[in-house]
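Take a look at these structures.
In the two assemblies presented below, subunit A is common to both, partnered first by subunit B and then by subunit C.
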Partner chain A sequence: MVSFTSPFFFVFCLTAIFLLRMTSANALVMGALNLVFVASFIPAPLAALPLLGFVCFGYCAIRAARRFQVNAVLILLVAGTVFLFAWLKRYAILSFLPAPNFAYATIGISYILFRILHLVIDCSDGVLEPPPPLAFLNYVFFFPNFVSGPIQRYEDFHAQVSAPLPPVTWLTIHEAFGRLVKGYFFVVVASSAASWIFDHAHSSFYAALSRQDGPATIALFSVSATSYLVFLFTNFAGYMQIVIGVGQLAGFTLPENFNRPFASKNFLDFWARWHITLSNWFKFYLYNPLLKAMASRWGTRAVMPYLGVIGLFVTFLVMGMWHGSTVIYVAYGVFLGVGIAINQLWQVWMTNRLSAPIYHELRERPWYFQVSRGVTLGYFSVAITALWIEPEQANRLFSPFGLTVFATTIVILSALIAIFGTLVDAAFGRMVYDGGGTKDLDPPASGSHMRYLGAIAGCYVVSGAGLTALAFYFTPAEHPYSTAHKLFLLVLAAFTAFLIGALVGAFDKPIAHATSYFGNRREVFLQTWMAFRIFILAGISTIMASAIPEFIYRAF
Partner chain B sequence: MRAIRYAAYVLACCLVFYLAALAVATVYINVIGSTRVVDAEEDSQAIYGGVGPPAIIYGRRPLLQTGPELIVLGASDALVGLRPPELSSRLGGMRVHNLSLNSGRMADFETLVSLAYEIIPPRNRRNVTFVIGVFYGNFYGLRDSRNFGDSTILDAEAHRFGLYAGSGHSLRPRVPRALLPTFLLALRPIVIASESWHDLTSLYSSAIDAGLGIKHKKEFYPQALQKLPEAERRKVIMKLRLDDHDPNGKKYVLDPGRLQEMVNLAQRISAEGSRLIVVDLPIPSWHADEAPNFHLYQWEKRPYFSKLSAFPHVYYVNMQDGFADETFYDSTHPFPNATAQWAARLSTAIAPILRERD
Partner chain C sequence: MLSHDVVWDRLTNVFRQVFDNDNIEITDTMTAADLPEWDSLSHITLVLAVEREFHVKLKAAEVGGLVNVGSFIKLLMARAA
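This part shows the complex of A and B:
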């Protein structure tokens, strides 16, 4: 099984990049690489059979869809593919059916489903021609996006493998390395830290929930929910950065899957920034056809916004159910659906009540943005409880006490996030979470690049020291921290925060701007800065894993 | 080709950064800690890398020196009570190291001796004197247990960063012995950074727990205990004093195997040509009076301790009596201002022994 920190992964990626570049992404070479990569996840040939069967069925479905181009056939093929997927994934709803009586792999099957359905639907519509078998296999098993996406469209993939690979420029390499550093930092450090907080809090949450201790349950639920959200984001977004970076080095541009979701204005905006390729897929292949079907039957100008609400609810219900095979994911889907429906209804209601220009103006106000973002993130944090809660505890959460906790936590979390967001913005502008990347915060044309860089670095340093000061405030008074020790920890935390800023790429843009007058030496400087980031990342990873790469010992 | 050049440059820079970190770490250790002696005392005032098991595993390079060396081993009472600077000043400036370990048991002492011998140059072994400070608790344990379980904090520390494999007696470095000091040197930046990171995350951990109202077993802070009024302190001590049962209710038993381990260790040190002085450390009289395990130890130890004198260069010093109860802040540890008395008593007793070979 491949881990993204294993030597196998590094060696595989280096080999893959080299071979793809050398052969201009020859289809056979790519096929062999995909085969090696996928095989590393599968323990025995027999375990791969169901997955291969599913892919073969998918290919036949694509051919059939193209051949008949009839809605009834299309529905039958889509239903058959989804049925086969649900059966192989052992969805609870199909538990009455017998399943293969041997252990088999379903790795990547959820994303293969989307790729196959995309081809089935588009081939049926005549938008696409069925790909040749090898191209199809390379598309569904393409190693950078095989495990967890992103969900790339076939036409995009085909265009890239058909055309000559883009030349390797210094900028491409630099950008790819930047993505790799950020991605590994997210996966190895940030998600581990969030997971540590989550582990710390969620078992206490279960205990508080079972003894029905209201305030403690709400506090612990809030911490568990937010830490899990951060864990999920850093793990997933970090993984995306890694695969996109590897793809870039190999000569491919994979679609982005995240775009600063914590800066979302509302729930609808959130889904345009979070797991973007999945949202787009559902938009194209579920929401749009559903809305079109409803509009053709009941569509009037007055009803259309409400049809949109229904369409969104159904889309997010299905999206939630896709995430897992048990009943809790239905609740998750309902929760997402209700959230998005309320958001849409609120927009319709406010537009009707205030008129579109006034509502637009209201939405642009900072306090509205903060409240709206707070509610969005608070609601989503609690919604994803389905992804981590144990069934027994979920039952407790569905009791009157649990539902009260649920609702109160959403309100409290929303308020806290709104307050925290307001404070951060008031203190630092949007620099902290934007990493100096927004248009309005781009450095001025001349003069004060270093001041701008200093301001962003200051944000991180002050945040680190502030967080540590807060920790001292909460730490039991009898703990023997001397003044010198406290001072040392404050400095250490500030420096660590600076390093974190460097690892997430917060200083990259201002440094690039500030060094623009270096001329030819600029590249050398930026490469050295990249080396510093890699060095820090390697150090933090070594410390967190308490392990030195095995090859060093083996060398002796 | 361009990508390879880029990667090569990045790797070269990383190497330079590591060398710079190594230089900074070395300067840091020279300023904060000591490069002359190893002292594993847990002291909240000392910051990072120079205290506790990390100091024993990764800070052993001072043992590379040649000349007369005194190495103190034992549990926390030896760690707190036998301070290297106080002993050194009374022994004519002799280099004194303290590699004692909190909650150390006999098996740990043997591991500590092995760890020391890994670094001490063979030609200097004759100049080395081990002082093992013991009290009855070192010889008690749960039946069939090496040290409240199968692995010790020393093993855990040695396994960190993968430098060692095995455990206890079979703990062995994964690099050739000759290269071990170089590896210990190279690991300095990582150990310091790791200890700093651990310190910072411990702070956050305790703050999060306190903030969330998660309660743990009350921690024991000797420094806090020292600040208590006498009457209150005695009350706390009575609660904390060594029990004859573990937290699960299992009875501690005097383990003849541990007494025999001490004899075996004495034989080994003697065979290496080094000197060994076994010191019976003091405990307050109220502790000795009320602990049946202490009396059993006093009786059972005699045949084993008498065997010690059979080995060349192995000696026994009894320091059990002569220290006022007021000099202890709990059931075994002396106040900081009383450690000079321990040093004076020990140095007086061992000075003639140290002169013997000279």
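This part shows the complex of A and C:
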């Protein structure tokens, strides 16, 4: 299995960008690149057969859907595709069926399923024409999207491959560079740190759970759940930054999968910001049609909100079940469904009780936002326990003791996140949770740009110093540092974090607004900026290669 | 094919009825973000009302792809009777 920090990945991406640019994304060249990329994940030709069989079945289903354009046929084709997928993925529901008696690869198949179903449904509806075989293969196996999405829509992909590639501008390089640095920083540094904390916390959590030590179980469960959430986010969103960056350099615009989920106003809002292309897919092909069918039968104004609750519950139940093949994912789906249903019911209830304008005004209040965000993130971090817990421990959690711990942890975590969020926002100004990326970073409506710049820079400096302080805490006592040495490393880490902020482009927009550099000297500015960034990157790499890694390594 | 203005006119009425607000003025660039009541739930109410008004049946990809008023108008100009 290749990793995106392996030399193969770097060489492959550089070659792919170069070849796609040279040949204006020729379909055969793209096909060959996809083949090399996908093959690198699969140990033997035989192991690829089930995946290829699934894709071939999918293509036949698409053509059949277009040919018949009847609902009965469509239902049969969708059911057949989902059945084949569930069988190959060894879903617990189908465990009574015999499996192929050899080891085979299913990498990427969960996302291929969505691409195929989207084409089957849209071709049956007559909204899309079935793509030619090579275009189809390039779409389902497109290398940046292959491993874990984003789930791009075919018409979007098709429009990009059939039009001339956009030229490489300094702005493209500038943005892609920021994405790559941010992505690698997320994956290599942030997610490793979170996963280190998680590894330690969750084994202690299991121990506390089995000896039924209430307070310790709750505390360790909270740490495990939040560190896993941070790990999942930094790992997934980091990888998305990398593939979107590579895509940009090659001339393709891939859809965004994350939009600052930790700034969510509520659980409903969270799903518009977290794994966006998956949520959108379910909205298109499950939530909307289901709600539409229910609403056309029983949809009076009074009943509609409750139909919405049912629609959301079913959608999240299915979405949860897709995440894995064992029974615990059904529980995960139910838990997500209950969360979203409560959120929708709460909105209906509050609107009826307070009237829409007053409720709207309440939602705009900062304290309401903080509490609501706290509950949302607290609930979600506990929900994703299903993604990491061992089956045996899950059984322990389904006991009266376990469920009490579970419920208490949600309450405590929600409160802690609300307090933490309030403190962060109070320290850096409320605009900070709207910032920190190269996109969607708008300056505050009031207040000076310099203050805004200072707030963002402050965020980076404090996080750098904070992480280092944490590293000191974890550094084994047999390797003590003198106070002067510690202070030096703390300042160094704070400065490095500031430089990383500059590298990922966190200060671009405030500088842009303060100096209007996007005026007529934009090219010169971007070129200078790029040169400076490469200089910073080289500097950081040198520092990391000498002083920092040994120190961080020892701590984590 | 219906003209832009005819669709716009009839669509304005649909919006006003669905959102129960006679002051709504729709524009091509208007999205759900501009109208607080326009959420994923009322989107379906809106789609059903549009289907009745224009005698069309919208497909899954069309329902999901209607992100602004302009895309409604464009689709209805091509499809509506």
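As a convention for this text, the second predicted complex is superposed on the first by the 432 of 556 C-alpha atoms of A that agree within 3 Å, B and C clash if a C-alpha of one lies under 4 Å from a C-alpha of the other, contacts with A are read in each partner's own complex, and residues count from 1 in each chain.
Keep this in mind: a contact is a pair of C-beta atoms (placed from the backbone, for glycine too) under 8 Å apart; a residue touches a chain by one contact, two chains touch by 3 or more.
Computed from a predicted model, the values in this text were never measured in an experiment.
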Between subunit B (first) and subunit C (second), which, if any, makes contact with A:542: first, second, both or neither? first
With the two complexes superposed on chain A, say which partner A:472 touches: subunit B (first), subunit C (second), both, or neither. first
In the overlaid three-chain picture, which partner chain does A:392 touch, first (subunit B) or second (subunit C), both, or neither? neither
Once the structures are superposed on A, label A:128 by its partner contacts, choosing first (subunit B), second (subunit C), both or neither. second
Identify which of subunit B and subunit C touches the larger number of residues of subunit A. B
Once the shared chain is lined up, is A:284 touching subunit B (first), subunit C (second), both, or neither of them? second
After superposition on chain A, the subunit A residues reached by both subunit B and subunit C are none
For a test of understanding, state which residues of subunit A touch subunit C in their complex under the given definition. 118, 121-122, 125-128, 280, 283-285, 287-289, 291-292, 295-296, 299, 304-305, 308, 344, 356, 360
Within the complex, which stretch of subunit B touches subunit A? 2-3, 6, 9-14, 17-18, 21, 44-45, 47, 160-163, 174-176, 179, 189-190, 193-194, 196-197, 199-201, 203-214, 219, 221, 223-224
Under the definition above, what is the set of subunit A residues touching subunit B in their complex? 17, 168-170, 173-174, 177, 196-197, 200-201, 204, 216, 219-220, 223, 249, 467-468, 470-476, 478-482, 484-485, 488-489, 492-493, 496, 527-528, 530-532, 534-535, 538-540, 542-544, 546-548, 550, 553, 556
What part of subunit C is in contact with subunit A in the complex they form? 36-37, 40-45, 47-48, 59-64
